[in-house]
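Here come two complexes built around chain A, the first alongside chain B, the second alongside chain C.
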Partner chain A sequence: MTAMGDDNPREIELDLRGQICPSTLLRALKEMNCRRQELKDGRVKLVIKTNNRDSTTTIPDTAVNMGYEASVAKEGDYYRIVVEGAGDGAGRGA
Partner chain B sequence: MNYSFLMIVSLALGLATGFIMHRSDFCMAGMFRDFFLFREKFMLRMLALAAVASMALFEAAREAGLLPYPFPLFASPSLANLVGGAFFGVGMVLAGGCVAGTLYKMGSGSLLSAIAFVGLVTGSALYAEIHPWWEGFVRATTFFTGKVTIPQMIGIGPAPVAMTVVAGGVLLFRRWGRGGKMERRSRAEGYLQPWKAALLLALIGLLSVLITGMPLGITTAYAKMGACLENALFPAHLAGLAYFQTIPLDYTSPLGNTRLVGGPGCRFDAVAAVQFPLVFGIVAGGTLSSLLLGEFRVYFRIPTRQCLSALAGGTIMGMAARMAPACNVWHLLGGLPILAGQSVLFLAGLFAGAWLGGRILVKWVARY
Partner chain C sequence: MKMTGKIRQLLNDFSGLGELGRLSAENEGLRQRERVAISYVRDKVNQLLLVMGTLPLRHEELDEQTLLDLDPIGIIADSFSRVLEHLNETNEELHAARDEIQAILTSAGVGILVVDHDMRIQAYNPKLKELFLRDRSDALGQTCCSVLCGSDGPPPNCTFEKIVASRIGIHQPDWVYKDRHYDVSGSPIKNRYGEITSVVLVYTDITDRKRMEEALRESGRMYGDMFENAVELVAGIDPDGYFLYANRALCEALGCSREEAVGLTFCEVVHPDHRARCLAQFEALLAGERIGPVRAALVAGDGSAVGIEGSLSCGFKEGGPTVACGIFRRLDATS
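Entry: the complex of A and B
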């Protein structure tokens, strides 16, 4: 497998603010599953915008369980969750 | 009759409930839905904690002679509780929140919850159309007539049953606590650990019972809103609906010795005095919490499919809350802790409904 990724992976932004629960997690799961290789290779990273407070726990926990890295930052009135491939393949929390 | 004291108390309890639920994501619809969709059990543990803590508090208050037992408005179980619970489960999942979740989420700016709220009022009013027929079903399927709680059905006092369940619960929660299963790390600002929320909600339930004589309940207020709306639009039709003439509540509160009389009709009575401030309080609690966090914001760009789901879910839930009768908060944090047969059946129905609601949600609403 090609270990190396781009220094600046392509961002795939999912703006799920205001949407019904648990569509944020379902949508994130879909992307994490479909883009598994691209995420692991560091070619893309997912940027999820949500105002669902619960997603700040469920998405990072799920991402880490799947072997990705996840981080959460509050941006004004919503949260920005970034999911990307963990360099060594082992998941680390935010 | 002076209801002002009751109204102030209900408002305060509602504010606290909305605030606590918003901070801890105490979304009961999510607890059941995620158990089926993601095999996530964490929040169901928190609900169990709230129910067992309520059981301990109610039983202590009953022993002290401060509690009416069983609570007013609870009746003998019937199949209606099971069927109503199942419809309620489907509705709450499609609506994205239960009757209380819809309120605190609407308070924090959720447009979908506001749509679900419209559905709740509509569904509660629609129930009046099928009330005579549904009453027949309730009467035909009632069993253990004259008995309300499981201890009454098996002919023993409530104390030994409650003590056994609470003791078992304490052991289980301690075990889960040692295994790190009672807390979770959240990245949300101002997060309140749900176990704390569960204990606080049990305390709020106790205050409600001590002061108003009833556990927290809000759904008759939805029927009242529906009745008032219908009164404005179709007064002649409303006058012919038997459901809105019923006065199910007639009872003297333990504190203050106030006689509480009321029902779903469009008038100011004890149900209005207790439930309207509670409904308003839960919405305002969600607003206050989100404003303090700088998270209050209304987003309008929502897929049509989700809006329709919220409306349909709210309507189904509103109707089911009258069929069951009553909502999840009333049954799970009020009836279940005294082991009311109605509430046990409602819970069984709720699981089945939440499963079905989850299937519909994944297949039709949040389809990716």
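Entry: the complex of A and C
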């Protein structure tokens, strides 16, 4: 796991390639829980690398249920899951 | 036999074999308890993972030591705590949104009706009650066709049916109910699978507007007839000087048809001797000045001059002139 760059939000990379779900989910959740406040404040975003297809559903779904935003992108022979704070969302109008 | 047993006991105690056996048995008991405990942890972890919508742990995935080191129950408990916190936040937002919607529904000046996919009334606002349900308090759960339209099934041209069929919002500009006119807009509400779960219908009473429009049309017809049959020459002229309207008397004076008159500029029909003065008066009028009586001569189709006298006024909108109206009498008959 490495922290990359000084930009806001800072990327925390979690390389889970070679592991399968639910082990990947547990490790991703552990990181989310450790980084809970930073994620919520938008100071960091979690970048999870996995080559386990099940994880591309379980991790984002659980992250969204926890109030985060999650996206999945295929990159080469693995998936890149980004979990970050949901922010304030769209304005609710006047 | 008793003696032999005691001697064996003494020998065991002396050699430590007895203690070893006891410790072995105790060790086996502890191992058994650990296996039960780990089995319990694994079962509970799997139960929680199933609740989270994922697969159970496999033995080869996490060995017993890693299982204890990783603390999956702690991880899932923390995650559930965050899920609950998020649900509470969402609930608070939903409560606020519900209150906002309720306030909007209550204060809206249009009737709002919510019906489910079976046309059964789920909610309505005070304005809708005022429009359609003055004498009813049992409308909830009834079909909108029975309550509003007074029929067992959807009436012809039913907005609800159109929305369900098209699956998009529909606008029906003039729905007539008990001699009153309504502008009806409706939108479907769909679930995550795209199925229509309910329909929101918005009713605006446009009866007064329709009556006013009809009165305006009637008034327009009346003034049209008056202008048309007047002996005075009546003209409507746009800011560029083109005739927008010429009544029969004016057309007769010019010796042309209405179609020919509309499209001419007033400069084309004013006698050349009067053209510059008339143009100056017209420009002053467009600039917002009041001008006095207009005296001029028109050139008829046969080239003869037709003397006229009258007044010219101009309408303005948003600071700019819209149309100048002139009413003149012929001077040739009297002068």
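One rule holds in what follows: the second predicted complex is superposed on the first by the 79 of 94 C-alpha atoms of A that agree within 3 Å, B and C clash if a C-alpha of one lies under 4 Å from a C-alpha of the other, contacts with A are read in each partner's own complex, and residues count from 1 in each chain.
Quick note on the criterion: a residue touches a chain if its C-beta (ideal position, glycine included) is under 8 Å from a C-beta of that chain, and two chains touch if they have at least 3 such contacts.
What you are looking at is a predicted structure, and each value in this text was computed from that prediction instead of being measured.
> For A:36 in the superposed arrangement: first (chain B), second (chain C), both or neither?
Once the two structures are laid over each other on A, A:36 reaches chain C alone.
> Between chain B and chain C, whom does A:54 touch in the aligned arrangement: first, second, both, or neither?
A:54 sits against chain B and chain C alike.
> Using the superposition on chain A described above, determine whether A:74 touches chain B (first), chain C (second), both, or neither.
Only chain B is touched by A:74; chain C is not.
> Of chain B and chain C, which one touches more of chain A's residues?
Touching more residues of chain A than the other partner does is B.
> May I ask you to decide whether A:65 touches chain B, chain C, both, or neither, giving the answer as first, second, both or neither?
second
> Quick check on the superposed pair: does A:25 touch chain B, chain C, both, or neither? Answer first, second, both or neither.
both
> With the two complexes superposed on chain A, say which partner A:10 touches: chain B (first), chain C (second), both, or neither.
neither
> Touching chain B and also chain C: which chain A residues?
Touching chain B in the first complex and chain C in the second, residues 19-23, 25-27, 30, 54, 58, 62 of chain A appear in both lists.
> Quick one: which bits of chain A touch chain C in the complex? Just the residue numbers, please.
Chain A residues touching chain C: 19-23, 25-27, 29-30, 32-33, 36, 54, 58, 61-62, 65-67, 92.
> Mind pulling up the chain B residues that touch chain A in the complex?
These residues of chain B touch chain A: 22, 25, 27, 29-30, 33-34, 37-38, 40, 96-97, 109-112, 184-189, 191, 294-303, 306, 309-310, 361-362, 365-366, 368.
> So in the complex, which bits of chain A are touching chain B?
Those residues of chain A that touch chain B are 17-23, 25-27, 30, 51, 53-54, 56-58, 60, 62, 72, 74, 76-79, 93-94.
> Mind listing the chain C positions that touch chain A in their complex?
Going by the criterion above, the answer is residues 49, 52-58, 61-62, 70, 72, 75-76, 78-79, 82-83, 85-86, 89-90, 97, 100.
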